[in-house]
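What follows is subunit A paired twice: with subunit B in the first complex and subunit C in the second.
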Partner chain A sequence: MEDYKFLFKVVLVGNAGVGKTCLVRRFTQGLFPPGQGATIGVDFMIKTVEVDGEKVKLQIWDTAGQERFRSITQSYYRSAHALILVYDISCQPTFDCLPDWLREIEEYANNKVLRILVGNKTDREDREIPRHIGDDFAQRNGMYFLETSAKEAENVERLFMEIAVELMEQAKCKELPKYDGSLGPINDKNKAVAVAKVHVLN
Partner chain B sequence: MDDDLPTDFQVIVVGTGMVESIVAAACSRIGKNVLHLDSSDHYGGLWASYNFDGLQKFIKEVSEDPKRQEQVYNLSEKWYIEKDVSEEAEENKTDADPAKKIWSQTKFAAEYRKFNIDMTPKLLFSRGPLVELLISSNIARYAEFRCVTRVLTWLDDRLMPVPCSRADVFATDSVSILEKRQLMKMLTAIVGNTEEEMEQEFKDWNDKPFKDYLTHKGLTPNLIHYVLFAIAGGTDKMNCRDGVKESKKFLMSLGRYGNTPFLWPMYGSGELPQCFCRLCAVFGGVYCLNRPIDKVEHKVVDEGKSIVVIESKSKTLNCDHLVIGINECPKEMISPEPTESTDISKAVFVTNASIMPSEKEPLTLLRFPSLDGTDHAVTVLEVGPATGSCPKGLFVVYLITSKVTDAENDLMPYAQRIFDMNADQSETTEKPKCLWSVFYNVRDTSAPVASLVDNVHVCSGPDSGLDFDRAVEQAEQIFKKICPGEEFLPRAPDPEEIVFEDDAAPGPDFERTLEDEEEQKPEE
Partner chain C sequence: MLPINKITHRLCFMMSKTLYITCCCGCCSALRPRYKRLVDNIFPALPQDGLVKSNMEKLTFYSLSSPEKLDRIGDYLFQKASRDIYRRRHGFVIIAMEAMDQLLLACHSQTLNLFVESFLKMVQKLLESTDPQLQILATQSFVRFANIEEDTPSYHRRYDFFVSKFSAMCHSNHTDKPTRDSIRLAGIRGLQGVIRKTVSDDLVENIWEAQHMDKIVPSLLYNMQGAEKYETVLCLEPETDTREGIEEPPKLAEACLRELVGRASYGHIRSVLRPVLTHFDRHELWLPCDFAVHIFKIIMFSIQAQYSYSVVEALMQHLDASGGGSGTRVRAARATVLSNIVAIAAGDSVGPSVLEIINNLLTNLRASVARDSELSFQKESDERLYQEALINALGEFADHLPDFQKIDIMMFIVSKIPSGRGKPTKADCMLQSILLKSLLKVGTTYKTTELSKAFPAAFLEALLRVSSTSEARTRALLQRILHTLLDRRANAPLLIVPTVNYEQLGLTVEKCSRPDLIFISKHGYAIFSSLYEGLQLESNTAENISAIYTTLSLLAIELASEETVCDMLQLILAIQQSAISNPVLSAAQQCQLHAVAVALAALVPHVLVLPPLGDYVKQIIEARREEAEHMLPPLSDEYDVPPNKLPNKLPYLMIDQMALGECLKASGIEPSRLQTASPYTGGATVGLAHRHSWVEAGATQGRDSLADISAGPVTELDSANSSPGVQRHPAQSESVSLEALRRAASGPSEAERRDAERRKVSLNNTFRTAPFDHLLHITQPKYEIQDKLEEIFNSISEEPLLPVGAGSPAGKTQNQVQPYTKYLTELFLY
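After this line comes the complex of A and B, so read on.
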């Protein structure tokens, strides 16, 4: 048994080029990848953090480029505990697409999934979306909101830590949707048994 | 946005059915440059799962589009409940079980997202080829499963649980001690015997009916029924060779995960092609839904090399190999080999209770022997809310058989045995009430089809088998043709094992000289 008490699945969505992969790699590896193309074969990244003295493992999933032509598989959204919707504050079209993304999330993700809106690239001088516009959108749609810069490592740690804290709290209150605990020992009765690496839910 | 689509690929895959998706993943996994297209806005084609809204769209499409009717026909949808629940009915509800909701069409619509209804529902044998492939390729991490909790059969005009594990055999009341010994001896022999022993045992039986063999072995009629219909999934005419083979498959898959040999994919079988697509994308495959193709052409270019050219949304796409679903493939590219095939009759029901109540939510495979003495058994799969197939309080039930007249005629007699088709939800009856149903026939496109062009590979449509054996087998064959000598879906690394190129300090660029290039050119 690995040394963690909670395991949460966090998935990122948003238009191509908004910096999803950079956010993940900044957080999990502490670096800002200089170019594209090095992510072949990468499914999700893992980082274990500590919340109130307890180990929480975050499994962070990237879109594998399927967002480029709006072709993300539904199964990508299944059993996510948290969902980060990312846009680029210096690129209006990426913000304009948010309602489309929300529709897709509504359709396929669990309705109790923790949703966070992230305006990335605050390091850019050519901002097109004022902070309050993003904030408003998030409030109207029942999402948390944060602006980040993967490049400058601004708010990235905070983003994922807040997710971990919130999910922990939900898990402790048992409010967490019981995805049958397939991703972690949340609820014993519904705990998944990964037998020979096939996830079988009992 | 579509204009960004690159135009040159080693492999283009058209259609996101099971076979196409496995081939796409396998090619991408070993480094081929893959483009994967689908004309519709969702994954899976005829292998898809739909929520209730998506299903309504599918039904509408089938009834309006003649092209769709080539694949799916005789479709009839029926409601057995009111559009809205009257206040009166809501009030009466308190008399009955308060937990039981009175369903209406409006309430279905409100919870449409919670339905995942399969066009091609299938189970996985715990040691079947797909489970083994999911594990060996590491694609298993994209899917979750539930164990089928019981296998039922229809015996003496009622539903009976089939004892399939050793524990079941000894726990059951419906079989006498003597029968238990007989059954165990028989099952142990099928699993435990060596090839030679089997050869010896069955040399005079292979082409004779399995039923005769079981009778010869002195099994009682009840036991014969269990083994023939439920374990071997056969009919009276099943020959001994197939009977033994199927029984062995069933028995070998016991004891791996649950009490039965079967797994059911969470959210339906439609998730499985998507798992393969995800892997393809992770290894660089490009995905584009909503991308119909208008034309496929085979061309020989300068060096005698053969390529396939596709026109799609006024864009020209080139590839060395085209992998294409049978329903997308231009007829003139298919080698005309008439194959005998029987179409499939299917039905889906939504009910308000399980066909056989149990303490824990059941997940059931029911094998229904033919009611009219023909050679067509009916496979019934019942799945509940825990599988992500429907909202709480409901069950989704699939009936599948070979087509004789049409889906409704073929299947209604079976449905009437297990459901109450006159739903008055306030009444309590023994049988679950049918709230909604759809019947349809699917053209059988499961026979392998050859293409007239070497580098066009045609993928079959869904077959009526219980597991995905045939899809996996065909995908592997196509892959071997495209990539001879390459490994079929080697294990994908876990995230922990991946070393990023930019983690290490980059070394100097390799500067290739002109002479090097000359030397590297493969000799023709």
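After this line comes the complex of A and C, so read on.
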């Protein structure tokens, strides 16, 4: 007997300081950590949610945004079911780097991976990237899009829940073998779902 | 959705709570399966009381007698622990884990497999918790498991999660340092466990796949780079290898890296090295290079010896890679790392890999020279640092190879030297000098025994070819290579500059061996005439002349024998003669040659102990000291000589051939060979028929080319020319004077005159010299010869001063075109 029926691996990427760790901690621990330090290498969190009465375990790998850890963090892309690409809506450079990130994802992740673009820190007054710009970018690149605030807990729960729902849907319609613990390899058949069509979540 | 979620959770919680209470009371134990009761009973009422030992024994006994129940026991323990983790009752979790550990160790049955699944689920469950204590506990259990040899490994089991999680733990950023260290240590131990568990069986999990190595390797390196200082030892002490013993992450990471590298087979080395190189680039760890040296040495020390070459290879291929802060300094640092490890590889390298390494280094050198020559040559560029580092690597590598391979390497390097075909470009010159420096570096590591081994014909021939290059500094470098290869008795440092006082020097002289005599009888002429020609070049500095002196004096010592004495003296006479008759030489150069001739003349009787000859030379020296100090060592760059003291005005201060003959006779040596025609053609051989030179006879550079070793002993020259004391200009010189006279009206400069002389003479010789084919075993494609002939004839028809010796028939010319120049030049395989 398992304590969950589905296991999905979610990886967060994006420039240093955009709030990846805060998003994860908001979601898994329900708090906004004061003075959150930069992530070194990779952090790991787990959270089990329930979708349609079924338990879904989300394994969340929170990667460091700093350049020097890029090679180890890239090695985590490969087994991801979903990749959350985060930028900071109050920081233009973090948005400008998105194409680079997409290239990396292209290179290292499974090409069927579910990709979600997240503009974080909506609570901030000094917005630099209008919502529709992020939205457009996501559309053009076949990604889901959502704006969040880890600080105000806005859209954070929703972000992960939508991912769980979408992945479960994919898993079901492809009659995927469910994951046995995490000991199973990522099954490439899992990834037969193209995300060509764009769903804007909100 | 969320509320439902919460409700469900709550519901679960309540249910399990009820269940738990029930269990504890044991009211309904009769209704429960026996194994569950046994499991329940190992838990104390209060977690701090610890595992109930007696009940644990019962459970173990039961498991051993009913192994088919083992998997259910495991699953049940896992379920209980999961609930306890959820309720944060960590004390009970720890007890459950301990029980599983004990069962794992106690039960070596085939059914262990099923139990292992629960066991690993349990470990994973604990690793997923945010509590460092549980994570560390889980790692310990995992390591215990990793050390068990399973009879039948489970092929569907995957370790992906463990590698990912342990690697994350290796990067723990916990604010409390002791906690951080213990999480990191646990991470490293966990990785070590995964490696041990999987390494021997690719079917279980191919740990060498990039997705694993890209996590494991950087995790280890990240911990090692944090060390306060890097101490590299050949191998770690055994006790530090015990899993529990090491308390510092860097040390443990090192032990783990060594183990990993040591287990890598050939196909897997690259999987380890690639992330290492990437890590150094990403973390910009090349500069300063002490950490890189530390790591690469560790790799070299722990790799299976037969694969050590791949490390060198990988690093070499990475020399030029971008990244790591990039730039030339990083390249230089990488090359320095290379020079630090290449020696370790040398002992194990065999065959083609040796040349591959050399070739690769040379390729990098060449690329660097190309970059360098593009820049303007201001300041000591970083590129030079890089080149130095590469050359050092080359030397380090060669130093640790057996001597026969050093010769191969030197031949290989020589083959890469661009030969002066046409006007050498700046890049060519730089490359030439860089390669010669490399050659010198390798040559210095070589210990000559027999000359024939140090100088295989093709190698000797290639060296002599380069000795005529137009760059004076490069020529000096080449002589230094000859010195290091010739000097078996450490005399070279004593003979750097010409001298006549050999008594004080303390030279070491031994009698020449039989094989050396054979060698010199075969190649002596080629060597001597090349050195002779080297002395005739207009661009020579005192450094060049001193360097050739050193070579000749070393030859005199290394080949000390009554059988060679005549050859040596004949050469000395020829040098002296050329100082008088070679029109291209400046007054300073003439003086320098006289000084060299007498210095060598003084050396011969010292080496062979020939008192009459010694006395004779001493007389000349004394006389010169009185009258013409400028004809004695030391050499200087400028001489201020009054016209009446010019050497050609002082025939009585010359070394005389007849007198030499008498001296030899007095010592019982047959001097007849001294009287034979000199094979050296006085000043007339200037710019002798090296193909390049006569092909470009019109060009000013042409002259500084190798004295053709094909200039055979058969010569039409009047033997009187070599007879000293007789101040008779050779025919060629006369025609020069005529030519000079003819031009006098239009006022030809000294340079013009020399130039004209040079062209004439060189062309003359083209058709006069007979082939000297001892050295030549290399065939040349036909069309080459034809091309050359075409060029020759073209240049001939363009040459107005040409006294074409009765227009040599093509057939004859063809014989004279020696194919050797082409040898190796096309080996530029870059």
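Here, the second predicted complex is superposed on the first by the 156 of 202 C-alpha atoms of A that agree within 3 Å, B and C clash if a C-alpha of one lies under 4 Å from a C-alpha of the other, contacts with A are read in each partner's own complex, and residues count from 1 in each chain.
In this section, a residue touches a chain if its C-beta (ideal position, glycine included) is under 8 Å from a C-beta of that chain, and two chains touch if they have at least 3 such contacts.
Everything numeric here is computed off the predicted structure, so don't read it as measured data.
Of the two partner chains placed by the overlay, only subunit B lies in contact with A:P34; subunit C stays clear of it. In the superposition on chain A, A:G65 makes contact with subunit B only, not with subunit C. Contacts of A:D88 after superposition on the shared chain: neither subunit B nor subunit C is touched. Of the two partner chains placed by the overlay, subunit B and subunit C both lie in contact with A:S75.
In the superposition on chain A, contact of A:E104 is made with neither subunit B nor subunit C. In the superposed model, A:M161 makes contact with subunit C only, not with subunit B. Once the two complexes are overlaid on the shared chain, A:E147 sits clear of subunit B and of subunit C alike. Shared-chain residue A:V51: touches subunit C; no touch with subunit B. In the superposition on chain A, the residues of subunit A touched by subunit B in one structure and by subunit C in the other are 38, 40-46, 64, 68-71, 74-76, 78-79, 182.
Taken together, the subunit A residues at the contact with subunit C in this complex read 1, 3, 37-46, 49-51, 53, 59, 61, 64, 67-72, 74-76, 78-79, 157, 161, 181-186. Residue ranges on subunit C touching subunit A, taken from their complex, read 1-2, 4-5, 8-9, 75, 79, 82, 117, 120-121, 124, 128, 130, 156-161, 164-165, 167-168, 170-173, 175, 210-211, 214-215, 218-219, 222, 275, 278-279, 282-284.
Subunit A contributes residues 25, 29, 31, 33-35, 38, 40-46, 64-66, 68-71, 73-76, 78-79, 106-107, 111, 180, 182, 192-193, 195-202 to its touches with subunit B in the complex.
Taken together, the subunit B residues at the contact with subunit A in this complex read 1-2, 4-5, 42-43, 51, 113, 131, 134-135, 138, 140-147, 256-258, 263, 266-267, 271, 274-275, 277-278, 281-284, 286-291, 386, 388, 492-493, 495-496, 498, 500-503.
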